[in-house]
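Reviewing the structure listed below.
Going in written order, the chains are labelled A, B, C, D and E, and every chain counts its residues from 1.
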Amino acid sequence: MSKTVLNVNGIEVIYNHVILVLKGVSLQVPEGGIVALLGGNGAGKTTTLRAISNLLKGERGAVTKGSIELRGERIESLTPADLVKRGVVQVMEGRHCFAHLTIEENLLTGSYTRSDKAEVARNLEKVYTYFPRLKQRRTSQAAYTSGGEQQMCAIGRALMASPSIVLLDEPSMGLAPQIVEEVFAIVKDLNARERTTFLLAEQNTNMALKYSDYGYILESGRIVMDGAASELAGNEDVKEFYLGVGGGERRSFRDVKSYKRRKRWLA
Amino acid sequence: MGFFLETLLGGLMAGMLYSLVALGFVLIFKASGVFNFAQGAMVLFAALAMARFAQWIPQWTGIANPVFANVAAFLVAGLIMFAVAWAIEFLVLRQLVNQEGATLLMATLGIAYFLEGLGQTLFGNSIYKIDIGMPKDPVIAFDKVFEGGILVNQEDLIAALISAVLVALLSLFFQKTATGRALRAVADDHQAAQSVGIPLNRIWVIVWCVAGVVALVAGMIWGSKLGVQFSLATVALRALPVVILGGLTSVPGAIIGGLVIGVGEKLSEVYIGPLVGGGIEIWFAYVLALAFLLVRPQGLFGEKIIDRV
Amino acid sequence: MRDPALGGIATSTPASERVLGDVILDVRNISLAFGGVKALTDISFDVREHEIRAIIGPNGAGKSSMLNCINGVYQPQQGTIAFRGRSFKHMKSRQVAEMGVARTFQNLALFKGMSVLDNIMTGRNLRIKTNLLLQALRIGPAEREEIRHREYVERIIDFLEIQAWRKVPVGQLPYGLQKRVDLGRALAMEPQVLLLDEPMAGMNLEEKQDMCRFILDVNDEFGTTVVLIEHDMGVVMDISDRVVVLDYGKKIGDGTPGEVRANPEVIRAYLGTSH
Amino acid sequence: MIYRENGQFKTSYRADQQIFAIVQDRWAIAALLALAFFVVPALASDYFFRAILIPFLIMALAALGVNVLVGYCGQISLGSGAFMAVGAYGAYNFFVRIPNMPLVPAILLGGLCATAFGILFGLPSLRVKGLYLAVATLAAQFFSDWMFLRIKWFTNDSSSGSVSVNNLQVFGLPVESAQAKYWFCLAFLCVLALAAKNMVRGAIGREWMAIRDMDVAAAVIGIRPMYAKLTAFAVSSFIIGVAGALWAFVYLGAWEPAAFSVELSFRLLFMVIIGGLGSIMGAFFGAAFIVVLPIFLNQFLPALVASVGLSISTAGVSHAESMIFGALIVWFLVVEPHGLARLWSTGKQKLRLWPFPH
Amino acid sequence: QAKEQFFPLLSYRTGPYAPNGTPWANGKQDYLKMINARDGGINGVKLTFEECETGYATDRGVECYERLKSHAGVTLFDPQATGITFALTEKVPTDKIPLITLGYGLSVSQDGNAFKWNFPIMGSYWTGADIIMQHIAKKEGGWDKLKGKKIALVYHDSPFGKEPIPLLQERATMHGFKLDLIPVTAPGVEQKAAWLQVRQMRPDYVLLWGWGVMNSTALKEAQATGYPRDKMYGVWWAGAEPDVKDVGDGAKGYNALALNTSGQQPKVMQDILKYVHDKGQGTGPKDEVGSVLYTRGVIIQMLGVEAVRRAQERFGKGKVMTGEQVRWGLENLALDQKRLDQLGFAGVLRPISTSCSDHMGSTWARIHTWDGSKWNFSSDWYQADEQIIKPMVKTGAEKYLADKKMQRRDPADCQS
């Protein structure tokens, strides 16, 4: 059993002073682990990650209860920049590239906290090998690259900081299947070689459970289930609702639930 | 012909003086995407501080040397501007991370009111003098070539040189350093900038300090021209078309914009003004800027406005 | 029920049972470049009435750019686009919308400050007839019209199961719901052709199923033609009638899902081995 | 538990589309209107009318107009003062040049003049955006300042450029007493506010907001940017123009172009931002904040300082006033960046949940 | 209830015109304090006052007016700004409070038959402009010498700056000099173009109609473009210490109109120092007492006090006067030299005597010149030329009445 690096303890999050979104979420991320955070739209995955990386303030949200500890240290009052210095980097949902900066500048900005020039150069090379497409587009302004290229850029940018813990928010979104595989392979690779810890929020349950060690399922602001990834993947409910393989083999997208839908639409 | 050149020259130099104020706008916009309404108030505040300390320091120390007094006052005023920058970051900007431009704009407006009140409370509200030994009397050049010669204003010339140096330094800073890149990142997306570990707080303190110093230099030069009093804050309004024409995000743009506006404004007033009763230069400056915008909506050197789906 | 003209196109799915009509959208030799970047090179394909046409390809292949050309957001340097036989070189977005082409966006282009309801209502704006003055007074016809459109929009809201969020500003919604609102807005236009740019990104399986069902329903019930960009091969293979494959701005494949899946070039460039 | 919408089911879309969908709100607004129309006139002092209520009403109206343009359509305008000036001088010319011109049509015609002017200076918005557009509107501002000083025709050949009106009447009733002026402005405000509200919650309002939030997407769903922006300019400058005419006719009585200077433009912009961009209610809050607060501070600071046994010079009071005002602006923004209107609705939401925190 | 005559004080101590507004406001306050301390008020009626900050802005000014006008025992208003004057001119007839606009405001309001409540005592921009022209003519050696001369008017682009234009145009056609108009956009921080024009035109004289920062900037630009300062003549609002002090030597030789003398020698200033400042009650700094604008403030307040005193003579000594009664007092001022000496104003201003039809009372002024450190008189008193101004006032007033559909006051009205 490895040591817990990140310990989220019963946090509540409120947006705008009135909207209660997380209702006591607790989770632990072990050193060198890959932990998946699953759940439907609006479950609060993004919010949880924002709470950890302290990016809530900009959204006018606040942690009102509970505690978040990084290697035993309370981190709620640190700035996001402090956290990056401690090795915690978030890849934000929806890319958030710096629109006016070129892809390369975006990546270099990612290494703002690293002063070692050689290390930065090495990281840049690494990112380019992971994502050759970025190398081709290195001189175009981020705003003018395709959705998937921006997503790669966002992930690459986070890697530039040589992080020890990466919070990945929907990394697979908008990526071609091959690249999705690659991204997860990169995660696995970094995890294996550099013992980087990952906490990833994903909709692609299949992939996420395949590559992670442990999973939490979040629904309407509460953790409803957790367990080792293999265990979750074997759970009947999970199979039914998240993997779509409940009760036998995979169903075609054409056939599911058509009755319920059709009825409502025509009503 | 002589007169035309003279007007041209006058316009160029007036333009450089505008640039000095415009620079402050550009700096802060570039670094945080905030249009800083308080720039005028900062110029006033800095100039007031400098003028008063130049008066007080000899009284306190008993050293009557004007050079010493001015240098010391400049330093003290600079320190005060640092304190102001720090306070603004701590009390205002830090609280408004990731908010929209309009909100931040409004906040700078609140700052403007506050600084105007504070400046006049601390330093008084009459007219004060900044005497940095600028030569006031004109020199006449080329009086062999043109009848009456061309009048050159030494004070303006020096001021223009100072602006040019300042702009050159700042351009280098933005283009060549990692901080420069970080600033541009912050202006694009506060949250993403935070997420990669750019310490917004420190960045903002730095930028506002630089803007404070720029405001101090502008205040010093304009103050020595106009005298230090409340109206100094209104030069910001004259500098606005300059910023817009040059592009809100471009340091060299502030200079070019200044020159274009300065020349356009003076030539129009002198040559077109009399035909329509005069007093047109201020709106002409704005219309001129607008004309440029119709061709380039982001100003001459501004970053392209991106809208993509 | 198979259209003889489409004899060659046989898919393994029941969709082929339906009548595929004439060509409604014909893209001919489109080329688009941004400076040095060739986003699209000489792309031609057609879309038939009632069909679900997928566009797939690796990231940066030019899929979104293709939609942007159809929409009049980008003006291609070369080529024409024909809609129901009328061909255009330069189209204004408004014209395209008036012809009944609606779309959703990859990077969420919702109106952030407006509520869900208002966002979807904007989709009806093309159909609003009352003038400014009547709207200001909101009497008689203006109000009746407003209510009529509201009813239509409510049906969409119902269908998308976003009733609970009706009055919430969309900026506060989670990503997945925002995508649904985006779709709702496009549907409100009662389009003949619906262009969907990665409608299922950021959704989990259940939500994807909902979305698929919905696309199919629209397609079935109203005969709306759908052009779909999607990276989830399961979805594409299951619901589309024909697929275009782009890579680096070039067309490398076109055909039924089955054909495309078997095309070696497509496998190399896009699908990889795992599919 | 008093303020709840539970149990209030709407059975028709008409009911759901009401401006005030909650019964308590409807009662509150009815009470407010009754208060404004009947109770206040009975109670308020002359000073309160002339120095606070009337300017507040007129500024609220102007802020409403600015909000249509800036808040709803997203076109930053620093030329509101100019639109007010055009409204004022336009109305003035109709009023004095046409014999027996009745007051209300003169004011409305003034508003139409402002509309024309607004559309003219709105044209650049088709190409120029954001802060850059502010320069176009500032051009309007400085141009109008100059125009009304220089072109004598507009000021009925008054040598100084200052003009005045008197003998205001509506249907033979004089609009001279404080109450009459108050009612007059209030009536304008109510009618125009209702019209504006209807527009912003109707199709045209949605077009404006769509353009504001994402213009490319708006174009794709068939909204014409040109139509949307120019109507916003037209509607907004009409309202602002009417406010300008009221400001000149009712509040000032006599005015010079400086009464509509760029400072006024700035103040109007502040009102809508402080009050809340894209909120009709915000215009009222913003106007109250910017109009009333300085007056309040100016009057109560000396008393306050005196009460703790200190004395403060008049200059000191004004400086303190400006500092407090600035600090309050910042403070409100920190508490709620989306303005007072949002603060209000958050408060209401809390009330709805009360006594539970969430 | 104590008997109190209330003086509302509109002033500006902030904003672009604060440096000029402040001494003016201080003078107004100190005089009231002094009268209370020295004489115990006017025949036992104490003088009270309240200041209201307008910032030179019309709307703030109107608010201040509305706030202070209903105060018990309100006496009169001195708006301190042309824009506010315009707005208040429309309001005072209903409220029946006189408006005193010493040396500013509407030139036509001199006609008391049309402007019952306005009192531009001691001078308007027309009299001022006329006096400058008289001085220039005298220097040149007669009106006929002006023929072919060029005179430029550099003016604040606002009604204030535009007021003198009709008179100057009148004079220009009469004497054949060329008048060039050069407007300066308010507040006047940027005048390069204006002075380049001056340099191009090379006028024989420049008249400066400025206020606030515009004045010092004009002088600096004149220096920068080499225009001789001794050919420059300012209005009396461009001839105070704040206008020249920070220009220093650069302003040497510059001339301006003077409505009054300045300095601390006159008895009234001594009294203020003695009864107010020495008791620590002074409103501003001590050395400001007696400066040009401060003195003007004192004079304005003295006129108000004397109007009350005059009104009391008629309506009852020791009573609080209403606005109407004060108006009568203002209309019947008879401050001859003897009375001025008594009041401590010997040598400060010329005698004033107003009437129902003449609300100005004196049209005299002189020229003073800045020597680098103080103002010195450089001419004797001039009186504005009635012959020219009277008809202009008359037509102006007629037009005003016609526009407003109002009647001239009848003589009976003067008695009330």
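As a convention for this text, contacts are C-beta pairs under 8 Å (C-beta built on N, C-alpha and C of every residue); 3 or more make two chains touch, one makes a residue touch a chain.
All figures in this text were calculated on a predicted structure; none of them were measured in a lab.
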Chain whose Cα centroid lies at the greatest distance from that of subunit B: C
Closest chain to global C-alpha mean, per-chain Cα centroids: D
Where subunit B and subunit D are represented by their mean Cα positions, the distance between them in whole Å: 32
Subunit C-subunit E separation of Cα centroids, rounded to whole Å: 75
Inter-chain centre distance, subunit A versus subunit D - centres from mean C-alpha coordinates, in Å: 46
Length of the line joining the C-alpha centres of subunit D and subunit E, rounded to whole Å: 36
Numbers and ranges of subunit D residues touching at least 2 other chains: 145-146, 149, 214, 216-217, 220, 315, 318-319, 321-322, 337
Junction residues of subunit A, two or more chains touched: 19, 144
Residue numbers of subunit E (touch at least two other chains): 13-14, 18, 22, 157, 183, 185
Of all residues in subunit A, those that touch subunit B in their complex: 53, 55, 57-59, 79-81, 83-85, 89-92, 96-101, 105-106, 108-110, 112-113, 141, 143-144, 157-158, 160-161
Subunit B residues touching subunit A - in the complex, by the definition given at the top: 97-99, 178, 181-182, 184-185, 187-201, 303-304, 306, 308
In the complex, subunit D residues that touch subunit A: 337, 346, 349-350, 353, 358
Complex contacts: residues of subunit D adjacent to subunit C: 12-14, 17, 195-196, 198-199, 202-204, 206-207, 209-210, 212-214, 216-224, 231, 235, 278
Touch list for subunit E against partner subunit D, complex: 11, 13-14, 18, 22, 25, 51-53, 55, 57-59, 62-63, 66-67, 69-70, 82-83, 86-87, 89-91, 94, 106, 157-160, 162-163, 165-166, 183, 185-186, 283, 403-405
